[in-house]
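Read through the structures below before going on.
Paired with subunit B in one complex and with subunit C in the other, subunit A is shared by the two complexes that follow.
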Partner chain A sequence: MADVILKTSGLTKYYGSKLAVDHLDLKIEAGSICGFVGRNGAGKTTVIKLLLGLLKPTAGSASIFGCDSQNLTPDIRQRVGYVAEGHRLIRWMTIARLEKFQRAFFPGQWDREFFAEMIDYFELSKKQKVKHLSSGQRAQVSLALTLVPHPELLIMDDPTLGLDAAIRRQFLEGMIRLIMEQGRTVLFSSHILADVERVADRLIVIDKGVLRADCTTEQFRDSVKKVRFSFDKTPPEEIDIDGYLNSRRSEKELELTLVKTTEQKIADWAQKTGAEKFDIVQTSLEDQFIDYTAPQKRSRLFQWEKD
Partner chain B sequence: MKFIALLKKELRECLPFLIGAAVLLLVLGTLFLRLDAPRTYGGLYPDFKPASAINIYQLKQSSSLSLVGSLLWIFSIALGLAIGIRQFWVAFYSRTWDFEICRPTRRAAVLTAKITAAIIGFVLSVGLVWSLFYWYASQSSIWFTPLTGRLLTKGWIFIALGFVVYLGVAVAGLSTERWYTTKLFSLGLVLIVYIACVSEWRLWLILIFLVIGILILLLQVTEKFLNRQL
Partner chain C sequence: MGIWIQISAGSDKPIYAQIMEQVSQTIAKGILKAGDKLPAVRKLAAELVVNPNTVANAYRLLEKEGLLTTKTGSGTFVGDPKLRSKDISQLNALAERMDTLIGQGVNLGFSGDVLMKMFKDRLGKFTKKS
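Then we have the complex of A and B:
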């Protein structure tokens, strides 16, 4: 079994009275590339900051390479690459200066040629000042600075946030190319499933601070189903099928999002409620994720309700 | 290597303030000294000579260098404010705190680099200019008022008070209090130290006030910096 690189036990964080992370138990083994997904405000950034010791947990603990996150030593930090949300770098520095600054913290680990190659790949010049870079270019510099010391664990907090489609694609391609190195473990947070799908082999879904899923992308795809039931009358009010998550209804149709339900159970429920027929709707991972994490009240927003 | 990189970064970020303060103090101080020279020697007060001075206090008050001292007083406060804000407020507003703190080094090293840069800054900027003025005034033959070592020390006390302001601003910047009135509470201590120092004439007592003030604020800065959350 591979070594556990990152672990949380009952990790909980309150901001005042607001619960941000709720008893999160997580284990990430060496070599896995995990997509850490959740809607905006789900608690992804808080979890990452707790992992890196930038925030103190209200309860529970987190550790990286077996070292408690609250006491990460410089040696451990040297093995961790962190790409922060928004790619905030020191504005007055040029890329060359930023490289020199970063290099000082990784003696013997800094690969100058690799950095130059990456800057070249992203079509940047070392003479450019950070303050003159676009957010996409800042993201690229940030990625280069983080990857060049070859960290064993790479933690990226929504690295593609705010990037346009073309830059996002280029960034992801660069990232895929570089994380292919053997043994590198990646935790990559995002709210864009398409990005995660391209990179990750494991999906960790968090919603309102609660761990909702921890599985491979294939398992997630197979588990979450959208089923459309057609009726010749008004669909039933009560939905008592196993794995029911949320619904959308029209006059004679009922669309249910179900998780971990077999086709047999769906057929049985259709028969029980007198549905004329049912179809399993083909959806993308993105749609599955949205359905999976959508709050109940959201599906009622566009629903016409009789007085 | 890591510390030097951090120190260089901090010094570079404070450089505009350090150069600005040194140049302005140099220009205005020279102007004060030159304008004041004729006043004391055959100028506005031709009869005022050491022999006609009642006491040493009068002589000291008439010293052109004490005029520069009041400039130094203002510049030290301004520099303390500027460096403190640059080092401890801007990182949160520009959201570069993560980048600074996630370096593979101890937080204490990041803080030490900041404080060391501030001390070097004060010494090399206003400190150097003040010492230069003292040396010039004591060399020159155009001022008849004798220069006392106390005048030089007093200037350095003003500079140290600027450092106290810097620490107070640092504590306020690192504070996570939501209300600005509470956030700026540390400046109250700065004010107490300030009043105690400028209202006291005994040097040893001033030094005690300074040391106590600096120690309290340093402890606060360290505690807040090491435990600061986002």
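Then we have the complex of A and C:
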């Protein structure tokens, strides 16, 4: 088994009386790209800040490279790259000044050539001032500043928010390149499920501070299914099938969103209720996510619950 | 001979399934022949901007179907047609997809003869090369 890079145990955070993160147990291994998804206000940013020690947990703990997030040593910090939401950079600085500023935090680790290459690749000049950059350019600079020390772990909070399609693709390319260098681990939150599907091999879904899914992207794709049952009469009122999330009905049709079920169970239920036929409908990751996070019933998908 | 794979993220079909479908089509059409080498996992992943595990997974499943073979150290190749598995579940899956198409054809009002001719014409595109 690969090394555990990032871990939380019973991680819980209250803001006053509002519960933001609820007993989160996570374990992320070296070499994976984790897409961290959840609706607005689900607690993603809070979790990221807790992991980096920027917030104090109310209960439970988080650790990075085996070091408690509340006591991260400079050594550990140097192995982590963090891209904050909104790419906030110091406005009055030029790119050259920003580089100098950032370099001070990574003694002996700063790859000047690589930085120059990236600035060149993004068609920027080191003389440009932050306040004159577009939001896409600011994102590019902040990515360059984060990648240059070659972090083993990269944590990004919604890095592609508000960026155009071409710059988003550049970002994704950068991520793919990063994990191709062995042992790199990435955790990134995003609302663009198509991006997550492209680059993430692991999907972490949280909703209202609760972990709802932690599995491979492909397991999630295979687990959340839409099934359309056709009847020659009114469909049954009671839906007693395993993994039932929600339903839509018409006069003679019933469409169910099911999670973690098998074709055999679907066929058995169809027979039991006297359905004429059923079709399993493939849907996009985005549709699956929407169905999964807005259910009438709650269920969870985990990969790690066995160990 | 190179192969062109085009994937679309965010579609109904998972990315690994899109890669599988396109590779097997390329083989079915004879563009890739037994013994031909496939692009390396990492190269294809970088090109398509997808996670390398997704490409590896597609290759692995195609290998299970007997369409591809992997030689340790030298790469992934198109397998020997004689060794391809034709298990019953694959045949069933194929029959189901045909049903959908036939259903569409019938609904559009085409007769059985017209559909049959269409089927034979299309089939010709795949079989004349082998």
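We adopt the following convention: the second predicted complex is superposed on the first by the 292 of 307 C-alpha atoms of A that agree within 3 Å, B and C clash if a C-alpha of one lies under 4 Å from a C-alpha of the other, contacts with A are read in each partner's own complex, and residues count from 1 in each chain.
Here is the rule we go by: contacts are C-beta pairs under 8 Å (C-beta built on N, C-alpha and C of every residue); 3 or more make two chains touch, one makes a residue touch a chain.
Values in this document were obtained by computation on a predicted structure and should not be read as measured data.
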item: First, second, both or neither for A:92, with subunit B first and subunit C second; value: first
item: Subunit B versus subunit C as contact partner of A:104, first or second or both or neither; value: first
item: Touching partner for A:191 - first (subunit B), second (subunit C), both, neither; value: neither
item: Contacts of A:49 with subunit B and subunit C, given as first, second, both or neither; value: first
item: A:78 touches, of subunit B and subunit C: first, second, both or neither?; value: first
item: Touching residues (chain side subunit C, partner subunit A) in the complex; value: 9-16, 42, 45-46, 49-54, 57
item: Touch list for subunit A against partner subunit B, complex; value: 49, 52, 54-56, 74-75, 77-78, 82, 84, 86, 88-92, 100-101, 104-107
item: Residue ranges of subunit B touching subunit A (in the complex, touch as defined); value: 1-2, 4-5, 9, 12-13, 94-96, 98-99, 101-106, 227, 229-230
item: Partner subunit C, residues of subunit A touching it in the complex; value: 33, 169, 172-173, 176-177, 179-180, 193-195, 197-201, 217-218, 221-222, 282-286
